[in-house]
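Just below sit the structures, each encoded as structure tokens.
In the two assemblies presented below, chain A is common to both, partnered first by chain B and then by chain C.
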Partner chain A sequence: MWEYAPAPESRDIANLRPNYRMFVDGQFVEGSGEPLKTVNPATEEVLAEVSTASQSDVDTAVKAARRAYDRVWSKMPGSERAKYIYRIARQIQERGRELAVLETLDNGKPIKESRDVDVPTAASHFFYHAGWADKLDHAGYGPDPKPLGVAGQVIPWNFPLLMAAWKIAPALACGNTVVLKPAETTPLTALVLADIIAQCDLPPGVVNIIPGAGDVGAALVGHEDVNKVAFTGSTDVGKIIQGQLAGTDKKLTLELGGKAANIVFDDAPLDQAVEGIVNGIFFNQGHVCCAGSRLLVQESIADELLEKLHARVSTLRVGDPLDKNTDVGAINSREQLAKIKELTESGEAEGAQRWTSSCPLPDKGFFFAPTVFSNVSQAMRIAREEIFGPVLSVLTFRTPEEAVAKANNTPYGLSAGIWTEKGSRILWMAQRMRAGVVWSNTFNRFDPTAPFGGYQESGFGREGGRTGLEAYLDV
Partner chain B sequence: MSDRVTVAKTYKLYIGGKFPRSESGRSYPVTDSKGAFLANAAQGSRKDARDAVAAARKAFPGWSGATAYNRGQVLYRVAEVLEGRREQFATEVAASEGVALKKAQSLVDTAIDRWVWYAGWTDKIAAVLGSSNPVAGPYFSFSTPEPTGVVAVLAPQQSSLLGLVSVIAPVIASGNTAVVITSQDRPLPAITLSEVLATSDVPGGVVNIITGRTAEIAPWLASHADVNALDLTGAPESIRADLQRSAAGTVKRVLRNKASEDFSVTPDLSRIRAYLETKTVWHPMGV
Partner chain C sequence: MAAPTTLPSALADAVRDESSLRRFLHGLPGVDQVGVEQRAAGLGTRSIKKAAKLHAIDLAISMVDLTTLEGADTPGKVRGLAAKARRPDPERPDVPKVAAVCVYPDMVKTAADELVGTGINVASVATAFPSGRSTLDIKLADTRFAVEQGASEVDMVIDRGAFLSGRYGQVFEEIAQVKQACGDAHLKVILETGELVTYDNVRRASWLALLAGGDFIKTSTGKVQPAATLPVTHVMLQAVRDWKSQTGELRGVKPAGGIRTTKDAIKFLVAVNEVAGPEWLDPHLFRFGASTLLNDLLMQRRTQLDGHYSGPDYVTVD
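Now for the complex of A and B:
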């Protein structure tokens, strides 16, 4: 086994400030809600105090967005909108290191992920969508498709900057203005994005960012002058929002939870598959809606695969997220850690066999050692419920038909993985997966050109690609 | 004129390719626009709706798995059989909607043409709405539109055939299966359409047609966990919001088009898109 010397990224790069304010109508202003303290989940220290929006602040932000929509943004030629959005993409790249370190501090994810995935993909989303702004006539929705108006967007804590980019970039490209609420536990990078947007000279009110808890989100999506609601988060909250919007003319898209099957056939290249399984469930501490949280292994190779998997997972380094060697960072919050613990305990109680990596964990902070459950049956909670943590449930199958039936035996339908060397089987399986994204012989790949979104209770609407534009157009 | 006594038709439900009466044993009188008795129609119940959903679910793998060419031919065959029943439909539409026979014939003609239009879409949807995605990495990534599953359709209350055809055809063209609640007061053309579907190679269960009280049956479909999407076109205004709230319980896709939709114009793709999922598939490239 290799020994690693710590290689921590400097936290100074984050330019952390003691106070952050909300961004409304082109200005950073104090919110009149109760300020929140955002915590580094790896150390439990308070990082900064962040002002939050009250109900009246929500109204002010929506009014600013409406004004900006009516007077400026909806009248601006797409070719001009495009240049603003390109500017944002470029500035994210320029300030990429700062954003990566800040994201890791606020979220707890390993620096190598925020540096190599979150920030570059956020920049690429703006860059990709910028180019659409003056080409909407060619997007397949008829000539001159119109924007919807003011978009109210609520995003989760697992990819704070990246989810902001997924929401804001297509909204702006299609000609909408935005009020975005970042997650309560991870507001910082969205507010630096606001700073970038201000430096890019976007007209005031085109993008407004209002931190706060769920009540702010509820006020935003329920605001009568919001035309479009986009939500990424849990299926439970998604259902509440869909119900809240019943009877209104608001257009809604939802990107919700998942319980993806990652299916390994007996002819799969096992070492590659193991890497994919590890990436599928331990990437971002498993705080991924499309995580490959149900491993379906063909029975004849189950023992061999499990042995290789345990050996590989044992080498994962859990700890300081700022350390460039770290593979698995901190769980985002005490509440989430408690939820993960509760569900893993249910797995043991229901008779699944638990294996947990013996890796050392830091003394402080919210950490959970990578865990693999075998002998899992479909009825167990750990096979049905989204754990949203570094916990894998392993089930077996004998035939492709059984793999399909088990994979689809869930109300969710966000993603699936298929591992086999046989091309025809990949296509046969992919066709039968009731899931919006199917990764074959890979997992957890994201790109702004590739539509992403769920079937069934994983939500509706897509983000990315030509298809994703529909969510922000009146078509 | 002969004084022969005509064979009166019994109007029944259409579920799973069969023509049952309502399990509730209920029927209700259907009148023409002036109030004259036309026939008794089955008054569908919650149980009928659930049977229809089960039949639609059972038919989904076969219909969605059929080739687009095959679905296109089956749907075109429906248009052929519709054409053969043109006069019968015109008579029923005239009686149901209170329009002159000539106007009714024109509505029937448009309905048949509409069906042909959608039949031709089956094998073009993937090319027009799908994509090959130029991702920034050594992967081949493509996206294909796929049917969302079982769609509950509340058919328009006014347009008894053209409206009906305009809401059913886009559901099944892409491979979904349908449970249709007909116009409550003008159900006869829908029942005749079910006879057309039964005799034109459409597999049983792909389209299920229930007559009865929309407001009574619709809530059961809106909350049914095995229904993937809901078309509110024919929903009474008073229950539209409630139906949407119920649909939220299982994150259904809801098409909120209103009854005021003009069915006489050639549609765009929005009704097809409403019942499609996009599936993105990735695979590494390498040697």
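Now for the complex of A and C:
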């Protein structure tokens, strides 16, 4: 046997500090909320204490953003805004290793993902949108599209830095100013991004970052001087926000949950389909709103595919997220782990057949072994509810029509995957999928040029691409 | 067409006649280029350090088919290569010996004489290597000559012209007959993936060679670019893995050409470990066809043990 020796990335690279403060009006300041302790989910140790915003801090931040909008940012030529945004992108690259290690410590995701996906994609979102800043006249929204004003943005814990980039980059490019609340369990990389923004000499107040729990988010999106709200997170909270904003003139985009179908036809490139299924559900421990959590496989190849899938999933290395050879890291929080356990137990109780990888799990920290349920039916909770963990539900179908019907039979509609070697079938299926993103013969590929967003309870509005600019322009 | 081994019924049907063979090969699942290249690049980021690296280096040395296939080869060069094969690092007797020495047929006797009793195999290329452009009779005579001279392994090339024009039966027949001419010698079937171009072709050629009785499937002659790439090797490793799950038999894979550094070799070993499985981490089932790789392995081995780099002057040039 050939055991890979541990190859941990050094945690010193993260420049972890005992205390982090919020970033308002160009300054790092102590918030007057109750400080929160952020935990490394792989070890359960406290990483740092982070100050949080109170209601009055939210008000201060929004006022700072308004001042920056009125006096500087909305008047600045696009070509000048672009320079700042390019600078942020380059600094993210410059401090890429620091950000990657910090993200892995705070979130629990494997270093290979924070290093190869989160950080480079975050930088590319700033690069891409910097390019738009002086070309908005040509974006298809009229000759001189105007910004909206102050954007209040609330982001989740699954891609803390990347989601901050998705939110901040287009807002700035279009001339808006920002108040952003990172997730309660993962505030650290957003605050390093604040440090980068300070280093880049952005005018004070253009970007403000205020950590805190749900109440801070609620105060932010409800603030009367916020013109635009962008939220990524759970469908439940999304509904509350939509209700809260009803009757106001705030513009809203929501990117919520999903229960995506990954559909494999009998003529699919099987080995790559297996990779795509694995990437679809075990990437980022399955903490992905667009995760391919329902596998729909054509009955004639179901046994063969399942056998290959089990063999492949058995090779996934679960453990220390800082180890460069780890494929699946830690579940982000105790609460999330409990939710995953509860839903998998319901799967067993409802009669689905459970298979769990026999990989060893660390003694400490929040870990969950990759799990595949077969013999799942549409009526089971594990086929309907978002598990947001490394748990795949396998269903079968016989005809393309049945695949469409089952794939669309969900209140969500964020993404879908289609695996077939037949081009015409890809197009036929893609037209019928009620999903904002349809991947074919691949899964979980993200690119700033491609708009991302959902149908139905997965939310509305698009992020990324030319289409994504609309959310931050007065059109 | 006669299958050389007893095959499960599904596979026996595949080799019943030319049209069955074609249907079988064209019925294999396709290979998605983007997907296989993404997976190969992803696995290529594995970080192999310390004891795992040292183990990999020794394993890789024991898997080397130390090769010289030049028009300018001489008996003296082949004797030198044999000496290197026996004791790759003269100052370090604990370095494992390589798996085989690989030469042209007329050099087989020289190599065999040098390697008697060492356990190192003599591999000979044959069948009008590297182009394969000759008649079947000449290819069989070439094979028999190599075996008579003392080759215990034969590296044949397939007829790429026949394969690409869809004459799979002809390719099958040729491999099966060469296998017969090999007698007890192990047969490695060179697909020359650089000329097959698509991954779908690589998969079909791999299965064709396995069905016809090849003990190993080998990527390249080393004379055509691109030679051994990681994604091509992934596809071939998938073929032997699937062959095992259908027949229970273990067959080998040999990437050859262009693997020059320890870092590259380790990427291939990671692929062997995680695509085919740890069972294939064995010189009987995986080989590197290489000439310059060995020295880099030796230098990296010294670095691992001594804690510092030495340099090319501390390993022998041939």
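As a working rule, the second predicted complex is superposed on the first by the 473 of 475 C-alpha atoms of A that agree within 3 Å, B and C clash if a C-alpha of one lies under 4 Å from a C-alpha of the other, contacts with A are read in each partner's own complex, and residues count from 1 in each chain.
FYI, a residue touches a chain if its C-beta (ideal position, glycine included) is under 8 Å from a C-beta of that chain, and two chains touch if they have at least 3 such contacts.
Everything numeric in this text was worked out from a predicted model, so none of it was measured.
S.K.: So if we stack both complexes on chain A, do chain B and chain C clash, or do they fit?
M.R.: Superposition result for chain B and chain C: fit.
S.K.: Check whether A:Lys181 is in contact with chain B, with chain C, with both or with neither, and answer first, second, both or neither.
M.R.: neither
S.K.: First (chain B), second (chain C), both or neither: which does A:Thr442 touch?
M.R.: Both: A:Thr442 reaches chain B and chain C.
S.K.: On the A-aligned overlay, A:Thr235 touches which partner chain: chain B = first, chain C = second, or both, or neither?
M.R.: first
S.K.: For A:Pro269, is the partner it touches chain B (first), chain C (second), both, or none of the two (neither)?
M.R.: second
S.K.: On the A-aligned overlay, A:Lys167 touches which partner chain: chain B = first, chain C = second, or both, or neither?
M.R.: In the superposition, A:Lys167 touches no partner, neither chain B nor chain C.
S.K.: Contacts for A:Lys112 in the overlay, against chain B (first) and chain C (second): which applies, first, second, both or neither?
M.R.: Second partner only, chain C.
S.K.: Regarding the shared-chain residue A:Tyr4, is it in contact with chain B (first), chain C (second), both, or neither?
M.R.: Second partner only, chain C.
S.K.: Calculate the angle at chain A, using C-alpha centres, between the directions toward chain B and chain C; round to the nearest 10 degrees.
M.R.: Seen from the centre of chain A, the opening angle is 120 degrees.
S.K.: In the superposed arrangement, does chain B or chain C reach more residues of chain A?
M.R.: Partner touching more chain A residues in the overlay: B.
S.K.: Which value in Å is the smallest Cα separation between chain B and chain C when the structures are fitted on chain A?
M.R.: Minimum over all C-alpha pairs of chain B and chain C: 5 Å.
S.K.: Under the contact rule defined above, give the chain A residues that sit at the interface with chain B and also at the interface with chain C.
M.R.: Touching chain B in the first complex and chain C in the second, residues 441-442 of chain A appear in both lists.
S.K.: Looking at the complex, which residues from chain A come into contact with chain B?
M.R.: Residues in contact with chain B: 124, 140, 142, 235, 238-240, 242-243, 245-247, 249, 254, 256, 411, 426, 430, 433, 435-442, 445, 447, 449-453, 455-460, 462, 465-467, 470, 475.
S.K.: Would you pull the chain B residues touching chain A in the complex into a rising list?
M.R.: Checking each residue of chain B against chain A gives 128-129, 131, 133-137, 139, 141, 143, 148-149, 225, 228, 240-245, 247-251, 253, 256, 268, 270, 273, 277-284.
S.K.: Enumerate the contact residues on chain A facing chain C in the complex.
M.R.: Those in contact with chain C are residues 1-7, 112, 116, 267-272, 275-276, 307, 315, 324-325, 421, 441-442.
S.K.: With touch defined as at the start, can you tell me which chain C residues reach chain A in the complex?
M.R.: Interface residues on chain C, with respect to chain A: 29-32, 34-36, 38-39, 45-53, 55-56, 59, 238, 245, 269, 273-274, 278, 281.
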